[in-house]
Amino acid sequence: MYLFKKKHAEIPLKRINSAVDPMQDDEDLYFSAKVEGYWTTIFKRFCRHWYGIAGLIVLAALIFCAIAAPVLTPYEYDKIDFSAAPMGQPQPPSREHLFGTDRLGRDYFTRCLYGGRISLLIGFSAVAIQLLIGIPLGCIAGYYRGIADQLICRFIDFFSCVPSTFLILLVNALLKPSMFNVILVLGVFGWTGYTRFVRSYFLSLREQEFVQAAKAAGLKERTIVFKHILPHTLTPLILSVSMGIGGAILSESGLSYLGLGMQEPIPSWGAMIAGAQEYTNSAPWLSVFPGLMITLTVLSLCFIGEAFRQAIDPRAN
Amino acid sequence: MSLLEVNKLNIGFQGGDGLMNVVTDLSFDIEEGKAVALVGESGCGKSVTALSIMRLLICPPAHMEAESILFEGKDIQQIPERHMWKLRGNDISMIFQEPMTSLNPVTTIGKQLTETIRQHTGCSKKEALAKAEDMLREVGIPEPKQRLREYPHQMSGGMRQRVMIAMALSCDPKLLIADEPTTALDVTIQDQILELIADACRRRKMALLLITHNMGIVAEAADEVMVMYAGQIVEKASVQEIFDTPMHPYTNGMLRAIPGTAHTGEEFYVIRGRVPSPLFFSKACRFAPRCDHACERCHKEAPQLQDIGGGHYIRCWNPIKGGNANE
Amino acid sequence: MNSGLKFVIKRLLVMIPLLFAVTLASYLLMTITPGDPMAMYVGQDQLRQMTPTQKEQRREALGLNRPIIVRYFDWLDDILHGTFGTSFKTGQPIEKEIGQRIGITMSLNIITLFLTYLVGIPLGIYCAKHKNGIVDNAVMLYSYVGISLPAFWLSIMAITLFAVKLKWLPGLGLSDLTLKNPTFWQEVWDTIKHLIMPVGLTVITGLGSMARAERNLYLDVINQDYVRTARAKGLPERKVKWGHAYRNVMLPLASEIGGSLAGLIGGSYIIETIFAIPGLGAYSTNAILDRDYPVIMATLLMSSVLVMVGYLVSDILYCVVDPRIRVQ
Amino acid sequence: MKKLLALLLALIMVLSMVACGAKKEPAADDQAADAPAADAPAADTPAVPNEEDVALEFEAVAEVDDKFGGQLILQTWMDPININFYADYGSVGCSNYWTCGPQLVVYKGGELYPLLLESWELDETGLVWTMKIRENAGWSDGTPITVDDIIFSMEYFRQDTFTDFIFQADTMYFSETPVYEKVDDHTYTVTTTVPYPTIFDFYAVNCFIIPKHVFENVPAEEFHTTTVNSTPGEIVCGGPFKITEYKIGEYIKCERNEYFWDEVYLDELYWRIAPDGNSMFTALQTGELDFTFLMGSKYQEAVDAGMQIARTNGANYSGISMNTQDPILSDVNIRKAFSHIYDQQLFIDQAFGGQGEINKGFVANMRFEDPDACVYYEHDVEKAKALIEESGWTLNADGIYEKDGQLLEVTYIYEAGYDDFNAMILQSMFEGTGVKFNIEGQEYSVWLDNVDAGNYQMSSNYSSLGPDPANYYDNYLNTSLFSFYRSETLDQAWIDGMTGATDEDRQAAYSAVQHELTDAAVWLVQPRNWGYYAANQTCGLDEAQFTSTGMFVYFHKLYKIAE
């Protein structure tokens, strides 16, 4: 993979065999090779997969809705309006309330949007923390052998031999349930996967010639690690990052479902589903909409990840 | 009547944008007990040809059709897949290039050897083990009994190639196809393996189709040479003639490119350009764009393989007459 | 095989400090957090009526006043004597309670795992054979749909649809009480009917990714050189497949089985709570919600041990299947 | 061949599930019972049930000739703490005791129903009760129930190792320890130096009669954890049913107790363990349950599904206590103003879906409820504002009352995850009234510590109170239920209430108590939520009726209506 600075430069290959006098060849057919930037080829292959694009569009739409929530709906997410829910009965979807109302008369469409905000925020920030912890540790473990590697491996064993779902539940039950705690817990318990991934990649790349060459050229170790080896590991990492975000969103909604995640009146999809369980017969839409939103978000993330993976090494498929 | 006769073999691959024709109208034949070398740059379709004879190509991507492939007079294309196993390993057997991955890493050498023997001869386990031990001794592996219980990863590359050869010869095939047997090995081992193959063929009067890109090996082991370029045979002759009077510019260029002590101080000769991808094969002579002797006709009309005397076949409008390799 | 034995013993030895670290960390975590388990244990109304002195006596009985470290070593001492201590909430010995529930959870998860493999592997191989066909793409998309469906939402929808509206399947528990002295087979059918939804849901969500993993695995193996050599040796297709190809496909499956051993305990807690199946998952989740410390520690210890044993088993399986690893 | 092996393996797996799961003895019964609840079309707008059409009890079903036989499946929330229900102080243990334990007497609203105790009378001095128990009552293992059992139980539970509330025996109900003497096998007397009117309250709620021949030599310390009398088949029961099987997390099976003093219709009674309200209602609809508690939101669905529905006034009583030690809330005007702001009707509509009634006092409608004595604060924001301004608070720029620099700001704490919706409804009531009202959800045990320690301004408070207000006294003395409000007149009124010789004296004392507490606006009095019970058509409940705690008076009167 060439990482030429000049994109789309047309570099005739003639110059390579300069030993022989340049031949006068009118048919340039065999030798012209447009050299595209690495990422543009990836993106071109990415667009060939319809589900990749579909995922991108859906995710973009969800993020837009989450951010532009105040503009999209006139209601606030915690505005109680008893007229909209006479006798505590949630109302079906109608013109003013797109997704209907919940038992306190709050507009359900607004709550779904703001719930999206919470879930996406938790998903992205939890994975960000995981990456922040995981990747540096992976680099250190992978590159500098010796005690650092051993220490980190034992640390990974410690975390991986603990049942993470169990511990996430435990810590959340003990801490005061709030968004920050959920992010912290999901972040702290998920990073071992990335460390293991980066470390194994580093181990295989360390022996490669280009690293020896860089070392021979006298580059400082830090530049070798971050400028040469790391870019190689990032691209295959994208898939597990997108799946990780999906996973974080799912576990957040699972926690809220058990009442350990977000507390009222902050809307979260998991809590809305838990609340809606009571009305499955009389008001089924209360549980359908948030469930759909969770599935759509996680699905689009998975599709993007998969399409990207296939774009990186088409041979794999 | 030749042992193996291949007429108008065409092999194509289902690429992203249509069928890429890798081998076009290839025909050749191999006499009994003769050693024929198939030479060419990598990517000219030689190992694909070997695989298609044994019908080992996986058909969805690959696409193979031939007028006829006669083995001892019978067209093996008609044999249904269910019965192909009778032919493979028994009449025709094959050695591959990469010894490191050609043996199953999780089963013992013994099992992989006896598997073949019992499949074809149907003898008991004990007999098969004894036969396997003899074969290993024949290919020169020390203490064969112990080796039978070992796993492939406990052996060196050369040793594994010997096991492959033992496996191939275990059922006394009539034709042995060796697909670049020595490329993956280092030089010292190469000679031993080549010698081993040559002896085996001579002793067992077994025909050999040796596929390689290294002219040195051809000189040692082969009786007849076929030079392939871009899916076609461009020159076919006995070993002696090929080395003495390479008529086709491509063969000529190849032989000149061999660095020898005779040319000290001179610049290496390199055939310019690269092998074109099958999509861009020109209608006319495929070597024309890279040929120094290309005349006007070469770019217009496709030459055919003709015999210009003494069994020397050429596919060229403007062959180099009497040209000596190191002229 | 002594090298193998040494390897196993070394791994077991490494387990001890890890287990010690895990339990210590969790115990500290639990005790330093706010709120006091007394409330959970005695229950809302009784605690309201208890006079402060009675509360103190109860706290003393539960041993909540002693310093944390002492309590931890007491607990450790119990473990070494093979008892998990008694649960705050029910006062019953924990190992008895776990014993009653572990059977159900293990069977539930084993059946789910078994069905996932039973359906996943052939589906994966079929997809590998007909690469990029309709089925292959469908399975690929389905595997992601399976992952992204939240389990609790799916179960609520399924119960509403099948149990309440269509009345095809019972929506609760493991046995139908209205059966009048059922024969053995009726009982089996009744249990199966009760299991269809919980097991079905987990299998459906897990199936896609299983088939997908299997497909990629199969594609890798089938294109290997030694499979071509086997075919070149003249072995018929059946022998090539079962003798060589599937043997190497088993390799990663072995490690996966080890990994999923841990899921046998905690895996299905959401399914169990919704379908009111008295399994270990629901038991440990309620223990967490009720702050029943001894039960939390017991289930945590058990799942940690299982996770470690799981990894050890998968390594051993890997050695058994793949001789290359055995030598290290 | 491989496929066959795989299928076989799958079958073995399922069989192993069944084997370790179900161990069922064949029940001797012929009627095949399946109970499809008819699926009536859902009505569009939820009809508000008025007083008449929801019966307080289940109406009598058309004349059923043979009430004997069959089985019913009732619902319980969770596994019993101990299958030996005598030693189980949890809620499930109590329901097991009411079905299988020898109950002396039971309260329904204010009325006493004799069970094991056949008759009783008080001598002219009012200090000696002579009680007579039924002759034909026996334990499930055949030994007759005699006065020895009763006296043994009384002494047994008086030992000081029983610190739990449930087992406090009569010492908790009465300052003095009554003397029990046996007259003959079936009569005994209870003598006290001071009139003991609350004896029946003790008999109805906290009195556990244990079989003497079983627990004779079980020391008090091991009573809770003893394995005596714990195997389901052999548990000695004195009630209409006996426990014959218990499957963890699934059900408790009880069968008819032949030695019961009355004829028991049902052959079998199942307690199905259904952890949450939703799965319970689903089970009712699919016919896996016959009778269950109905959540408010499911009321309309039950009506549409054509189920038998009955209302119970429930023993639980909830109010919002205002901490009188808090600087702002120590001023009674503020508390009265808040009571005016609190809109009971709105709470009934939004929180209880219209199923509830406005409440004046703090005593649930038991024997001594006296609504006229209570001071009722109707919903009137203007009056509230007048009261606030009367105490010197003035509206500041952004519409909140302020007094010498301090805002009229109050924080209401509640149990997170349980009371969220009610708290938000409460908060919406205070909008626009000039009071800054914050709500804060706290984790259960943290909330409980705050409430008991008194560091809160306003807090939700609920407690289950027995039929006789005597047992409120304990709450009044040492917990925050009454907002740390104490006064001498109140203390004296309580004592008179408890020791009054005749009901009239006790009624007068309790009326005074109710008047003073409501006058001091100790609580924001919350409306009373009607509890509902729903039953399938196959459930014969008319003779059974039920007590205020939602259990049946006569378990043995339940019967099965065969299809």
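Couple of notes before you dig in:
For clarity, chains are labelled A, B, C and D in written order, and residue numbers in each chain start from 1.
One rule holds in what follows: a contact is a pair of C-beta atoms (placed from the backbone, for glycine too) under 8 Å apart; a residue touches a chain by one contact, two chains touch by 3 or more.
Please read these numbers as outputs of a predicted model, since none were measured by experiment.
With centres taken as mean CA coordinates, the chain nearest to the overall protein centre is C. Farthest from subunit D, judged by the mean position of CA atoms in each chain, is B.
Once the centre of each chain is set as its mean CA position, subunit B and subunit D turn out to be 91 Å apart. Centre-to-centre spacing of subunit A and subunit C amounts to 26 Å, using the average Cα coordinate of each chain.
Mean C-alpha positions place subunit C and subunit D at a centre distance of 38 Å. Computed centre separation for the pair subunit A/subunit D is 50 angstrom, with centres defined by C-alpha atoms. Annotation for subunit C: residues touching 2 or more other chains are 34, 159-160, 164, 291.
Each of the following residues of subunit D touches two or more other chains: 443.
Within the complex, the subunit C residues that touch subunit D are 34-40, 43-52, 54, 57-58, 89-92, 97, 100-101, 103-104, 107-108, 110-111, 114-115, 118, 159-160, 163-164, 167, 170-178, 180-182, 184, 187-188, 191-192, 195, 273-279, 282, 291. Residues 78, 80, 82, 85-89, 103-104, 176-177, 259, 263-265, 277-282 of subunit A are the ones touching subunit D in the complex. On subunit D, the positions that touch subunit C within their shared complex are 6, 9-10, 13-18, 20-22, 24, 26-27, 29-36, 71, 73, 79, 81-82, 89-91, 163-166, 224-225, 247-251, 253, 270, 272-275, 279, 282-283, 285-288, 443-446, 448-449, 463-464, 474-475, 478-479, 481. Interface residues of subunit A facing subunit C in the complex, by the touch rule stated above, are 51, 154, 157-158, 160-163, 165-167, 169-171, 173-176, 243, 246, 250, 253-254, 257-260, 270, 273-274, 276-277, 280-281, 284, 287-288, 290-291, 294-295, 297-299, 301-303, 306, 316-317.
By the touch criterion given at the top, residues 131, 224-226, 228-237, 239, 243-244, 247-248, 251, 321-324, 327 of subunit C touch subunit B in their complex.
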